[in-house]
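Two complexes follow with chain A in common, the first pairing it with chain B and the second with chain C.
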Partner chain A sequence: MHRRDDRVPRRVRWTAVLVAALVLGPGTVAAHAVWSDRRPLTAGVTSTGSLGAAASWTGSWSAWKPLLPGRSSDTAALRVSATGSGDTLRWRVNAAASVSAALAPYVSTQVFVGACGTGTPLPAGGYAPAGGYALGASVDLCLRVTLDPSAPSTTQAIALTPQITITVDQATS
Partner chain B sequence: MSQSTEPVTRTRTARPARRHRRTKAILAIAAGTALLLGGGGTYAFWTTQTALTAGTVSSGNLALSLGTGSWSLKGVLGQATSVSNLTNVKIVPGDVLTLTQPVTVTLVGDTLAADLAVTQGASFVTGPAAPYVKVVVNITGLGAQTGTNTYRVTPATAGTLTATVTVTFDSTTPNLVGVNTPVDLNQLAFSLTQASS
Partner chain C sequence: MSRRRAVVAVAAALALALTVPTAAAAAWRASTSAPAFSLSTSALAAPVTTCTSKPAVLGLSSYAQISWSPITDATSYTVTATNSANGATQVVATGVTATTIDITGSVLTSLLASVVRALLDGGTVVITVTAVTQKWTSPPSNGQPVVLSSLVGGLLGGVKCQN
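Right after this comes the complex of A and B.
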């Protein structure tokens, strides 16, 4: 039977265990080490770009006049451009027009690329020349509104309140 | 002559057991040391030796170096163009940055094989853009990949290889996800590691 004085103190035992772990642990890792070499690139930091839209009215509003049944009214030119950055970025333009709800059943809208009537009607999927528009380029749009020839007299003296929403998308074809 | 033989009573002072043990230990160590020292001369024996004539063997080598690479950029529209300063480049969805990189692999060792890989650090690209920027490497002459962007190289296939690393900004990236996000190309690295499995 051991007396208390003969026993190895608990603190000493734990210290021995800890020392063994510290010695054996790194030794085990070293046993599985293999040769390796590494070369990072030194190309620097590049970044992604961005894309935004800008639009402003320009030109004459002389063709914007009160509507009569069967007649049209044209806005001035709306100049659209893209903002942002991107070395390869090309864009296309799209637009959606609307008028006040009271007149919506009798008023049709059409957006042209270029001048109203003589320009290119904006396709449903938007428009871009071959290869898309480059940053810095701009395109003029025109909105034509037409009152249906069969519009009833209840459509008289109602504000048209046209709206046109411009969208600029990245061109991919 | 008569002697009186009276019993002698000795009184022993009890010593601590530890003290006895220490004394015994010291005596044992002293005796062992003496025997060892004396034994060196006492137990001499005949001996001879013959050297091997196997020659000198040496350790091998594993090394990796990069030559001068060249970068190009191609968008979804248009042709690829060379890039001299990547810090000025702004990539957009559909862009592919391509690095053509000479890589010299040195492998010397009868049993040596190594894995040549391109790795990317955690901060290569962060934020919403991260899932849409992918890195792929292709190294001609090494067969199929053995892991993600990893090829197995042997001394027979080592030498100067041409690696093509592409960084692609996914063309399906929606809306304006990932705009104005840094892409740290320095986080890309070639690594060569001795194969252990």
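Right after this comes the complex of A and C.
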């Protein structure tokens, strides 16, 4: 009896297994993939903050009178505020005053926080309440100018041209 | 780690530490100037004087009374006599707080001869007043010339305003 040889050669059999694995393998992986989705979000705009300074005169100038030897003259209130942005930004104020060089040897200046004489003399390192001033807050300064009693007679009727430079520093503590 | 690598690592760490700003150095600062304003020193105005001749009474010789209006911010006045002929000047009084002074013969004769000589020579002595505060002095007032009241009166020390 003739018997057909149905045996598949080993090489062919292994090839078939490999092909099946290649074909079925990706499908199996896809079946095991975790679902995911991707959607663009509208990001909020963010930026760095900023810090600026502004100053303007307010109140009465009634105490601002021509200087005499040994006497003082007080400005109106100089209202200082910090401009800019920053939710947690705090600041401290400082000021420096100067007068014309011709009278500088005979003139002294003092800046007060609040009213001249009754306010707090501005410390050398500036002034701020505990925690510093918040943006939007303001502080009033006053400048007192005093002419020395020893000023000679030649210092009569001379313009002083005072200048005040305000500095606003970020309070870091 | 080799020694070379360790040295490189330490150097890099130092460089990084030096370039990272501290909190204080990173603080923001802004400046502005106060709006312009002006101030000047004051000045003492010159007094304006008048002279009134006062007659001799009860044995007192005639004299010239110099008056002036008070000057704002002046704390005292200085009265000066000047020989109109040669310009020699002598201070009659300092620290005067009143606004009048009586110029008598005895006041003038207490001055140096350079001033009194003007009277004896028939000339005049000009009285001026300056306002004073601390070291400041005003310009001199208008001058008030005084002369001997008369030859006889002059011998008795009397003076009068020339005008």
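Simple rule for what comes next: the second predicted complex is superposed on the first by the 128 of 173 C-alpha atoms of A that agree within 3 Å, B and C clash if a C-alpha of one lies under 4 Å from a C-alpha of the other, contacts with A are read in each partner's own complex, and residues count from 1 in each chain.
Going forward, a contact is a pair of C-beta atoms (placed from the backbone, for glycine too) under 8 Å apart; a residue touches a chain by one contact, two chains touch by 3 or more.
Bear in mind the structure is a predicted one, so any value in this text is a computation, not a measurement.
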(message) One more residue to check, A:V111. First (chain B), second (chain C), both or neither?
(response) neither
(request) Look at A:R39 in the shared chain and tell me whether it touches chain B only, chain C only, both, or neither; answer first, second, both or neither. (result) first
(request) With the two complexes superposed on chain A, say which partner A:P149 touches: chain B (first), chain C (second), both, or neither. (result) second
(message) If we overlay the two complexes on their shared chain A, which of chain B and chain C does A:V139 touch? Say first, second, both or neither.
(response) neither
(message) Is A:L122 touching anything from chain B or chain C once the two structures are fitted on A? First, second, both or neither.
(response) neither
(message) One more residue to check, A:L160. First (chain B), second (chain C), both or neither?
(response) second
(request) Please indicate which partner A:L51 is in contact with in the superposed arrangement: first for chain B, second for chain C, both, or neither. (result) both
(request) Identify the partner contact of A:T172: answer first if only chain B is touched, second if only chain C is, both if each is, neither if none is. (result) both
(request) Return the chain, chain B or chain C, that is in touch with more residues of chain A. (result) C
(request) Pick out the shared contact residues on chain A: the ones touching chain B in one complex and chain C in the other. (result) 51, 84, 89, 170-172
(message) With touch defined as at the start, can you tell me which chain A residues reach chain B in the complex?
(response) 5, 32, 34-51, 84-90, 131-132, 170-173
(message) Give the list of chain A residues in touch with chain C in this complex.
(response) 51-57, 64-70, 73, 75, 78, 82, 84, 89, 103, 145, 147, 149-153, 155-172
(message) Applying the document's contact rule, which stretches of chain C touch chain A when the two form their complex?
(response) 23-24, 27-35, 37-44, 73, 133-137
(message) Using the touch definition from the top, list the residues of chain B that touch chain A in their complex.
(response) 18, 62-66, 69, 71, 73-78, 85-87, 89-95, 97, 99, 114, 129, 133, 169, 171, 176, 178-196
